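Input: a single structure, listed below in structure tokens.
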Amino acid sequence: MTPILQIRDLQVSYYTDLGRATALNKVNLDLNSGEKLGLVGESGSGKSTMALAMMRMIKPPGRIEGGSVTVGGVDLMQLSDEEMRMSRLSRIAYIPQGAMNSLNPVMRIGAQMIDAVRAHVPDMSKEEMTERCMQSLESVDLKRNVFSMYAHELSGGMKQRVCIAIGILLKPQVIIADEPTSALDVVTQRQVMETIDRVQKEIGTAVILIGHDMGLMAQFVDKVAVMYAGRLTEVSTVRDMFTNPMHPYAQALIKSLPNLSNKGVFQGIPGLAPSLLRIPSGCAFHPRCEKAMDICKTDVPAVERYDGDRLVACHLYAERA
Amino acid sequence: MKLRLILRRVAFLIMVVWAASTITFFIPRMSDRNPIRERFAELARTGGFSASDLEVIVASYNKKFGLDKPLWEQYVDYIGSVARLDLGVSLNRFPKTVMEIIYESLPWTIVLLFVSAILSFVIGNLLGAVAAWPKSPAWMRSVATPFIMFMGVPPVLLAIFLLFFLAFRLKLFPLGQAYSTGIAPDWSLSFVMNVAWHQVLPAVSMILGSVGGWVLSMRGMGVTIQGEDYVNFAEHKGLSGRTIFRDYYLRNALLPQVTGFALALGSLITSGAVVESLYALPGLGQKLSQAIQANDFLVIYGIVLFITMSVATLMVLVEFLYPLLDPRIKQD
Amino acid sequence: MTTATTIAPPIQPSRWKLLAGYLRRNKSLAIGLGIIFFLVLFTLHGFFAVDEARAYPLKAKPKQPPGILDFSSPEWPGKLPMGSDFFGRDMHAAMVKGMWQTALIGVIAGALGTFIGVVLGFTSAYFGGLFDTIVKGICQILTPIPVFMIQIIIAASLDKRDVTIFTMAGIVVMLAWMGPTLVIRSQVLSMKERQFVSVAKLSGVGNGGVIFGEILPNLLPFIAAAFVSQVFNGVFSSFYLAIVGLGPLREPLLGNIIWAAQSQGAFFNGWWWWPIWPASAMVLILSALALINMGLDELANPRIRRTE
Amino acid sequence: MANLLEFRNVTKTYTRGFFSEAGTTALADFSMVLKEEDPTILTVAGESGSGKTTLAMLLLGFIDPTQGQILYKGEDIRNLRGDARMTFRREVQAVFQDPFAVFNPFYTVDHLLTVPIEKFKLAKSKAEARSKMDEALSAVGLRPEDILGRFPHQLSGGQRQRINVARALLLKPKVLVADEPVSMVDASLRANILESLRGLHRDHGVSIVYITHDLTTAYHVANSIVVLYKGGVMEAGDIDSVIQKPEHPYTQLLIDSIPWPDLDRRWGTDGLSVKESELSDKGGNGCRFAPRCPYAKDECLTASPPLHRVKETQVASCILHQQHPVLPSANLTDVLPV
């Protein structure tokens, strides 16, 4: 089966006053239809850049410097601006982080949904569009009357649901959810995540969940990809990741999680995440890595495949590759 | 809830008018000088009016500023007559009342003011919005710059320059007056065209002088709005640039500008008053500066009060309009 | 989740270099300061080059176009580089004097208005309560009243012979403090809710320390912007008062000169230079102030800063 | 010996404007005692709007209670003057949520440390002050030369929050309010910062009031917990009992909603269904949680349940437990172990 999403050698840099910051460094990633992938990393690791790059929404001073993002056989990077515009929402949809302010305060929810449909299917009748939007609202557990309401009349969780309803309007093949619950309370967070889970199963789309909450990943995704300083360090199934992480950074990340069975023993990762302006030589993690070897300081480890399906970029396992 | 809002706004309007009339009542009496008495002395010396007129004027003056009564009583009378829109009589054009002078000149002012206010609002905000929008072509963005340059130039100075170069030197436009001398006012097309022709330069100087302010504030607002999450999300939704510009960006950026509109009218009236007298247009402004020249105090106070009340009323009206534009306001 | 925010620039360039770089980016500030610099030079040069007394009537041969030699001048062959007016003022001297007076009015009005605004804004926002309610209420009620109209009343109630440039400044200030008061008040209101104020209180800092040590420094760009816009308003309003004939009539204020030229029909009589010099000077002054204000706005409100 | 800090039936009501008669109760009839000889770590947990931040503001003396009293060493903190007030200021400190907002952007980060040293006269000389700062920064894993002289925007979020902890360390308060200290910090750094706080408690006997919505970290650092919902105490007790076996439906919901990083405890295996928080309560006198409670009965809507002592060290405000004895709300501390 060919993956629905194939990312090859994707590279993005920001050109700041202080120099060039490479936020994504030749990233490769595959995702199958119906699969849920979690993309985790510390702030500044490049995970949000990845989402924006997939949507081709990198704005100056950022620049996509190469690579391809293929969704359902179409390389988004080769499309014209107009074709890319039409692909947003219909091929690849984005559920934003700041749902609190992601809806236009002066337009009714319905109007904001209809203009999304109209932008892609201009010749659909008004009644059909309305019906499509109403159904979409219902599928995220919102009442039909939300259609004629304004954003300020909705709670945070409801606004995030509206964003999800907009995201699934055109049944895209890939949905990117960028920390969709970071502004919500735990109870609401669970409701929203369960909603995403359900609609994902209904339309069989692939989902990339971006976040830094490993707990949320454990609850929600099938596969976890760990980013560090603009590179992927490990991609594993969620079970492998939590029971037997391979990359030392992934190991440290798992160890830093508090849960019910390890009271008092969870520990943080020493040191600080590097600035993208000054990424350490070799493996970017080596200054914080307990198992660092000499080679780690000089050579960037290649991403290798282990145990059939795991991708890890670490010199520790070089002989096993 | 809604009724309470209306009542609050109306109460506010009354407060403003009351404050304005109180200021116009007390300020003249705070100076130890009595300008009106001086004026009478002057007029009597030069024999400007007949003795019977003088009696009537003095009566009107006494009624308005009745110095014989205690201060609070004068004040109550004054507020009462302001409430009845009785602003007294003109010294120079007796027996014309101040209100009559206002009524005959008001249409000219309204035309000039509204044309220039609305045009500068529309042009300025569109230019400002385009200038802040990152996707607009470079040439469109640079159009805004010359208008910003004009921002520091008071309309009256523009009026002087335009009058000198376009009317006096190049003789492209008339040198002032409301319409050509020798034609009688009527509603014929040719007369209306003639009036419009005479209004071009004053209107252009007022528009040029105030567009820049709108460009600048809109540009600032636009930069804020385009960073908003909902504009970003609109792009993620794959909307066309035009839809995003119009429904997501412009509409939201315009909201605060609307509140500024009434305030801008206040400063435009100021400029208009001077521009009118420069171009000898028979509007309120000309009447005001004539009254200043002639020390016609009741006319000065009357026109000032009238303009103040109008601006305050317009502001409150705009506030009423605002909930129609911004659904968030209705709640509180 | 933005990138590249974490680490300091490796080398800190010198202050002057930073300032030059900033001015290059903030063009409106640079141009505005440039114009002001030029006008200051003109005035300073004028103080040495011309006799101030020649800015008053009957000191030069009247109605002379710019550049004409004036043989009536005491210091022969006293040129009239900018011409003279109907009343026999040397326009060059009048411009030097007039600009100086205009600047004086602007700065006095600006400083006073800003000072009142800062004091009222700070006290009412920081301490709140009834005082705040009253200050806010007065500002709100006075805001819709066109300030110029009230200034006309004030000016018209004064004896014109008594009007000096200081009374002009006074008239302007009387109704110009609401703007800065409201701006500073809203800034202080948002500032005092910021957590660094709470931390300062936890660190044992009292009210005075919070106001002067914590909040005030952060408001400096706003205060500077308020000052510049107050100067602008001062110049602008006094100019308008003068141009309708409510200025100190003897003085060669720029507005007064234009008013006089206008009432003598300068254009119709061909004395174009008479109103054009003061009008141009006014344009330069006001544009420079507007540009500086724009530049400071950018400084105070980083969201307007644009990447070019 | 007098209690170090005591909340005595504290209620805080916010009114909106002069005319509106109905206010919102941010905290209702809350009592608690912190003892000087038994330093503890107490978690105050709840969602936004639960009143937990109001509690912090009250404790720090930034706002005054509408009813009730807050006492510091037996003295109402509203009446503290002069030296007593400065002592209170120094001994009751806070670490806030947003590690950027606490820095005054006008100054370098040194300001955060030098001001309290100067105001509380913690050092006799510049050199002593500097060595104290170095010591505190090093203790939280920062190198002073990397930090001092920098502006806050030149540092990372993790560095900034550690400076805040260093500040608390420098002052060695008696009570530290930690208001969501790690919610804006990367997960990998949370453990480090919480460990520093715990060190403060362990090594210097500081009582910590840990305010959070994150029960996972609370579970790891605290001894006892108070769960707030809309200003009222829903459940309280020792942390293990409450987290492992919550008795109040709200606490159950809260704990079940936590995304535990545990593959054996995934959502959807507990059959839990929750109602959207869109339902507004009618402002009645009933249980605050009744509108969202899956077990709500008619009587829940009419009377607010008292605290029922379900265990020696656990109370729940729910009629499901009315067979258990009632604990007067003023004695809440009885069930909070140290």
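Here are a few things to note about the model shown:
So that you can tell them apart, the chains are marked A, B, C and D in the order they are listed, and the count of residues begins at 1 in each.
Here is the rule we use: a residue touches a chain if its C-beta (ideal position, glycine included) is under 8 Å from a C-beta of that chain, and two chains touch if they have at least 3 such contacts.
The structure displayed is predicted, hence computed values, not measured ones.
Overall, the chain located most centrally, as judged by its C-alpha mean against the mean of all protein C-alpha atoms, is C. Each chain's centre was taken as the mean of its CA atoms, and the one lying most distant from chain D is B.
Centre to centre, using the average C-alpha position, chain A and chain C are separated by 53 Å.
Taking the mean of the C-alpha atoms as each chain's centre, chain B and chain D sit 56 Å apart.
For the pair chain B and chain C, the distance between mean C-alpha positions equals 23 Å. Mean C-alpha positions place chain A and chain D at a centre distance of 32 Å.
Under the contact definition stated at the top, the residues of chain C that touch 2 or more other chains are 5-7, 9. Residue positions of chain A with contacts to 2 or more other chains are 43-44, 272-273.
Residue positions 156 of chain D are each in touch with at least two other chains.
Every residue of chain B that touches chain C in the complex is listed here, in rising order: 12, 15-16, 19-20, 23-24, 27-28, 30-31, 33, 35, 148-149, 151-154, 156-157, 160-161, 163-164, 168, 175, 212, 216, 219-220, 223-224, 227, 262-263, 266-267, 269-270, 273-274, 277-278, 288-289, 292-293, 295, 297, 300-301, 304, 307-308, 311-312, 315.
Looking at the complex, you find that chain D touches chain A at residues 47-48, 141, 156-159, 186-193, 195, 213-217, 219-220, 243-244, 253-254, 256-263, 265-268, 274, 276-278.
Contact residues of chain D toward chain C in the complex are 60, 62, 86, 89-90, 92-94, 96, 98, 101-107, 112, 115-116, 119-120, 150, 153-156, 167. Looking at the complex, you find that chain C touches chain D at residues 5-9, 194-196, 198-205, 214, 217-218.
Those residues of chain C whose C-beta lies close enough to touch chain B in the complex are 140-146, 148-150, 152-154, 156-159, 232, 236, 239-240, 243-246, 258, 262, 267-268, 272, 275-276, 279, 282-283, 286-291, 294, 297, 301, 303-304, 306.
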